[in-house]
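Listed below are the structures to be examined.
Both of the next two complexes hold chain A, though its partner changes from chain B to chain C.
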Partner chain A sequence: MTAVQDAPVRTGAPPRHGRRRRRVPPLVWAFLLLPLAVELFWVFWPAMNSFSLSFTEWNGVGAATPVGWENYERMLADPVFATAFRNNVIWVIGFGGLSVVGGLALAVALNRPGRGVGIYRSAIYLPMVISLAVTGLLWRVMYQPGGPIDSGLGAIGLGSLQQQWLANPDTALYAVLIAAVWRQVGYIMVLYLAGLKGCDPTLEEAAAVDGATAWQRFWRVVMPQLRGVNTVVFAVTVIDSLRTFDIVWAMTRGGPYNTTQLLSTYMFQQGFTLVNLGYGSALAW
Partner chain B sequence: MRTARSPWFHAVMIPFTLLWLAPIIFVVLVALRDFDDIAARGLGALPAGLTLEGFATALAGGKVATALANSAVVTVCAVVASLALAALAAYALSRHRIPARRTILLVMLAGNLLPPQILLIPVSRITQSLGIYDTLFALVVVQVGFGLGFYTFVLHGFMRALPTEVFEAALLDGSGAGRTFWSIVLPLCRPALAALAALATTWIYNDLIWAMTVLQTDTRFPITAALLNLQGGYSNSWNVIAAGSLVAAVPTAIVFFVFQKQFVSGLLVGANK
Partner chain C sequence: MTATELSRRRFLLGATSLGSLPLLASCVGSGGGEAGAGQASATVTLQSSVQDTGPKAALEKIVAAYGGAGSPVTMNSVATEQFRAQLSTYLSSATPPDVLTWYAGSVANSYAAEGLLLDVSDMWTGDGACAGFSDALRSLSTSAGGQAIFVPTTYYWWSVFYKKSAFASWGIEPPTTWDGFIALCDQLKARGIHPLTNGIGTTPWMAAGWFDYLNLRINGADYHRALLAGERSFTDPEVVAVMEQYARLIPYFHPNQTSWDNQQAVTPMVNNEAAMYLVGAFATQYFPEDQRDDLDFFSVPTIDPAVPSAEEAPTDGYFAAARTDNPDGAKALLSHLASPQVQQEYITTSGTSNLPTSPQVDTSQFAPIVQKGIELLNSTSEITQFFNRDSSDALQTTADTALTRFLADPSDIPAQLRDWQAAAEQVFSS
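For the complex of A and B:
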């Protein structure tokens, strides 16, 4: 999801002339109210429900028992919640940081048109069309013992690093993270490529004439012009990293020993596998 | 800045690109090997011979085919319905003086930026109490509700930029709101609608979490959820899993290559205003 920046600017828009336009025709109200009702019913109503459920204990049958803040107290004492929370922080930083740095670097490298650049770009954003669930499966195959990652490490003489990537509690989270970054980098790259296209090349030339190094030109001249794109990228990254569920579910289901549990997967497990609806809702908030 | 690229550029980018595509290439190779070959020589080995056995097993029993059909139905219905509703709302908000229209728009957008996990439990309960739990219809409705705000926001931006003169002319000619929408706004918005459609198709097709929330019977699963089941059923037959994954990835890859331009502009739409 993109686009949080730039709330409507009031230029040119709504037709402000003619008295007849001032009255909104009933049909237009219907145009607005129908979609609005759908969203209210399927998004805002469930959100409120979820909030009130989080103060109850309920297994889905019979009536929910109100328990006040108990679910939240339980959450603070729950070691798995602590792991999931810590993992989420690692996820936001690792997933966000790596994909932004990777995407920006690739965008700068592939900004100028030239032979083969189109192919490189397509190759890099190809993973983005593959669903997160399928990405998870692809990388599960990659990480299998005796799979290409192990063979590759063996071939370059790092055989000692071979391990059960997804079954080892120390590496599992990072193994999943790499797979998620692989898919995200192309997206960030596309956003930055568009941003770079909007930069004024004469500014950079002027800086070059004045003797600025490539590094200085990038940080002092290009980066300030990318401010708008940076905002979008930041919003996209934070939203996507808080939503992450599919890839973890497809690769590890939160295991081994809950070490790759994120808040979303732990909540799903509590709410749907173990049917603790109240506690699950509290986790979601 | 028309300096020539150094030869190092390609020397770095070619291996990098190949490495980047390695997971995909590798999975294609695995999918084309037979089970005994993988068992005997290990997953990392190059194929001894090529066979379509993996694909045959994955498609056997028709589960994957059913799942693909389910995905297609859900994706088409949800994309059409959500774009239609979003276009209506965006038209009302961008071209009419509705009180608090800006707030309504931002609230709709904010609703779609919520992390979905907050909504999962209540949505599943609501579909149960409406008696539509475990139907494809429920999945379509949920997808529509959860995408509307974003699509409305993007289309609103686009419609606001349409020239006022067109609307004045339509008004003078006695065109009502419905007719203006149908024969003026929609045709003019075609590029934005195409971009959003390409984007929404991949989002909805690739969704897993909502399918797991409102569906239960595996004959109704879309392809993403069905694949995870396939993985459970053939946990060590990597060729079958690889083949299944490829089958699932093909439709979005086609959408991507055919609509590459719309797809990229879809990603940028909203980002570039």
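For the complex of A and C:
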């Protein structure tokens, strides 16, 4: 039973009708315009530059040569672009799906009191503290031929599964994906744990008394209460999966032969390794 | 309190208007921006891409001890990949680093064509530091405009490296013919030893080493240069012949080559699990110190005796930015770095098997393997550098993709060469 709060007593005067609209003080304008200027200068202006560059050919030296739509035509005919695009779709679904499902499952499992729950939670969240580049290096060591993963498979009698995870085009993208999910899952777990803490336990108790199974309680009682968290998790996951760059670059650089290229890594390679700034900008758009 | 508030408001308004000013600046890529160089500075900045431990330490020591014009020199070490990506930005900025490490050949020449490199022709005449260098180095360091724009200080050779003790214990000799080489590989493989090692994981360009050499041995240096310049096609029957020979070698490589980089690739050789490694002489520093004297090499054997001999000898060195505000200091540092004493010190302290470009360096004290390398390059009729240095980094990327795919599955060579040619045309047309 929760205490019912008294309705707040209205103390102020009733709003006057037909009041002259208040002038916005210059200070507020300043607070609005200053961030706007910063945003325009540091975000929109470079973006416009990149857009104009995408219609040119430029290697960073001298003047750019305008080439019209050539970069975009090249992009549509580029097999690496097609691979990168397909990989990006796989990435958004795989990375988003696995980290949300994993994060939610862990949050539910660790949301009950028990011995060592705090340690588990910290341990699972810990990878999030490590930068993606370091995560990539760590997992490269794990996937090395004769590294921990291969030895582990050998030790449990699955030696036939041993392979060069990052050098095999069939496994490389998924090997990187797992490393990325390993890091992301703790973050999603924390978001869901916070959400679960905000759920009202009495509702679940009531449902249990009414004979709902654990499955029904979770989907019909808890999930609707997590709607707000779900929105946040969805946004975070989509943003994180689209901006993925560092872990792929650290682990495979888009190789072997461009099979793990994402749009971001391909754009970086074209724009900054090969200094095709025009084509790189077209890819960025 | 009102006064404070007002001043804060004024401050914020002022800041707002200031913040929006740069919006009026011109777009990037529109050329221009030829800002006048500031006051001539008295110091010199050296931007270095040298990252291997030994050479980096050696260069730092030399720079710290330098006492000539422009000293003390500020040395910035930048990761090689980042250096490569930003080189054009360094050179075209209004205040560029004065002296930069890089490669001789097509990359340097393309910057020279943009007018970004300092003319150092006076170092190549009279009693200049490079005056006594060989004609091959002179032509390599000269731009299309006829000016010397590069100061080569070291070069090295590529060959098939092996361990003398391992060959002795297996009772084998370095082969002298191509058939003998294949037979040797078969013999080693039958004994459970991986005949060849390589590292094409994070260093996929290593796959181009064998491509270059097979092309040099089958089609010769002239064809190789023409192919890399875009005058011939990767779908030519000549290239198909190269790929067919390369395909013969695939079973002999250590299967882990696709996961390794060129440094990890020496591990099986150190452990006597692999026998031979086609690599540049820089790799000797990757071996444990007590095994370096055990190393020896032989040149990739002749395939077609009618083709003139050729070796790959990439040349490293320095150039200076045309926009340096201290050209005299830059040249003084370049002269110092190119001087025989400094070349000798650099090579001996860095632990690599690099060769000096100055003929005045006393090489009699160098390790026997280095002497043999000098002999190899002096006796060959043609010298090339390496795939990327004879073409461009962009073409190298197409080679990385094409060759690593080919090594994973060589079943459809014509289709792979068509893809390679399509990617190469994209590079040549841009």
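In this text, the second predicted complex is superposed on the first by the 249 of 285 C-alpha atoms of A that agree within 3 Å, B and C clash if a C-alpha of one lies under 4 Å from a C-alpha of the other, contacts with A are read in each partner's own complex, and residues count from 1 in each chain.
Throughout what follows, contacts are C-beta pairs under 8 Å (C-beta built on N, C-alpha and C of every residue); 3 or more make two chains touch, one makes a residue touch a chain.
Nothing here was measured: the structure is a model prediction, and the numbers come from that model.
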{"item": "Partner chain(s) touched by A:F272 [first = chain B, second = chain C, both, neither]", "value": "both"}
{"item": "Dominant contact partner of chain A by residue count, chain C or chain B", "value": "B"}
{"item": "Partner chain(s) touched by A:A64 [first = chain B, second = chain C, both, neither]", "value": "second"}
{"item": "Partner chain(s) touched by A:V141 [first = chain B, second = chain C, both, neither]", "value": "first"}
{"item": "Contacts of A:Q164 with chain B and chain C, given as first, second, both or neither", "value": "second"}
{"item": "Touched partner set for A:L53, first chain B, second chain C, both or neither", "value": "both"}
{"item": "Touched partner set for A:R74, first chain B, second chain C, both or neither", "value": "second"}
{"item": "Touching partner for A:Y257 - first (chain B), second (chain C), both, neither", "value": "second"}
{"item": "Partner chain in contact with A:I156 - chain B first, chain C second, else both or neither", "value": "neither"}
{"item": "Those residues of chain A which chain B touches in one complex and chain C touches in the other", "value": "27, 31, 34, 38, 41, 45, 49, 53, 60, 144-145, 272, 277"}
{"item": "Chain C partner contacts - residues on chain A that touch it in the complex", "value": "26-27, 30-31, 33-34, 37-38, 40-41, 45, 48-49, 52-53, 56-64, 74, 79-80, 143-145, 164, 166-169, 253, 255-258, 269, 272-277, 279"}
{"item": "Residues of chain B touching chain A in the complex", "value": "1, 5, 9-10, 13-14, 17, 20-24, 26-27, 30, 42-45, 85-86, 88-89, 91-98, 102, 104-106, 108-109, 111-126, 141-142, 144-146, 148-150, 152-154, 156-157, 160-161, 164, 167-168, 171, 176-178, 181, 202, 205-209, 212-213, 224-225, 227-228, 231, 238, 241-242, 244-245, 248-249, 252-253, 255-256, 260, 263-264, 267-273"}
{"item": "Residue ranges of chain A in contact with chain B within the complex", "value": "1-8, 12-15, 17-18, 20-22, 24-25, 27-29, 31-32, 34-36, 38-39, 41-47, 49-50, 53, 60, 109, 112, 114, 116, 119-120, 122-124, 126-127, 129-134, 137-142, 144-148, 150-152, 182, 187, 190-191, 194, 198, 201, 204-205, 208, 229, 232, 239, 242-243, 245-246, 249-250, 263-264, 267-268, 271-272, 277, 280-281, 284-285"}
{"item": "In the complex, chain C residues that touch chain A", "value": "5, 8-9, 12-13, 15-16, 19-20, 22-23, 27-32, 81, 84-85, 88-89, 91-92, 111, 114, 116, 201-202, 204, 255-256, 258-259, 393-394, 397, 400-402, 404-405, 408, 419, 426, 430"}
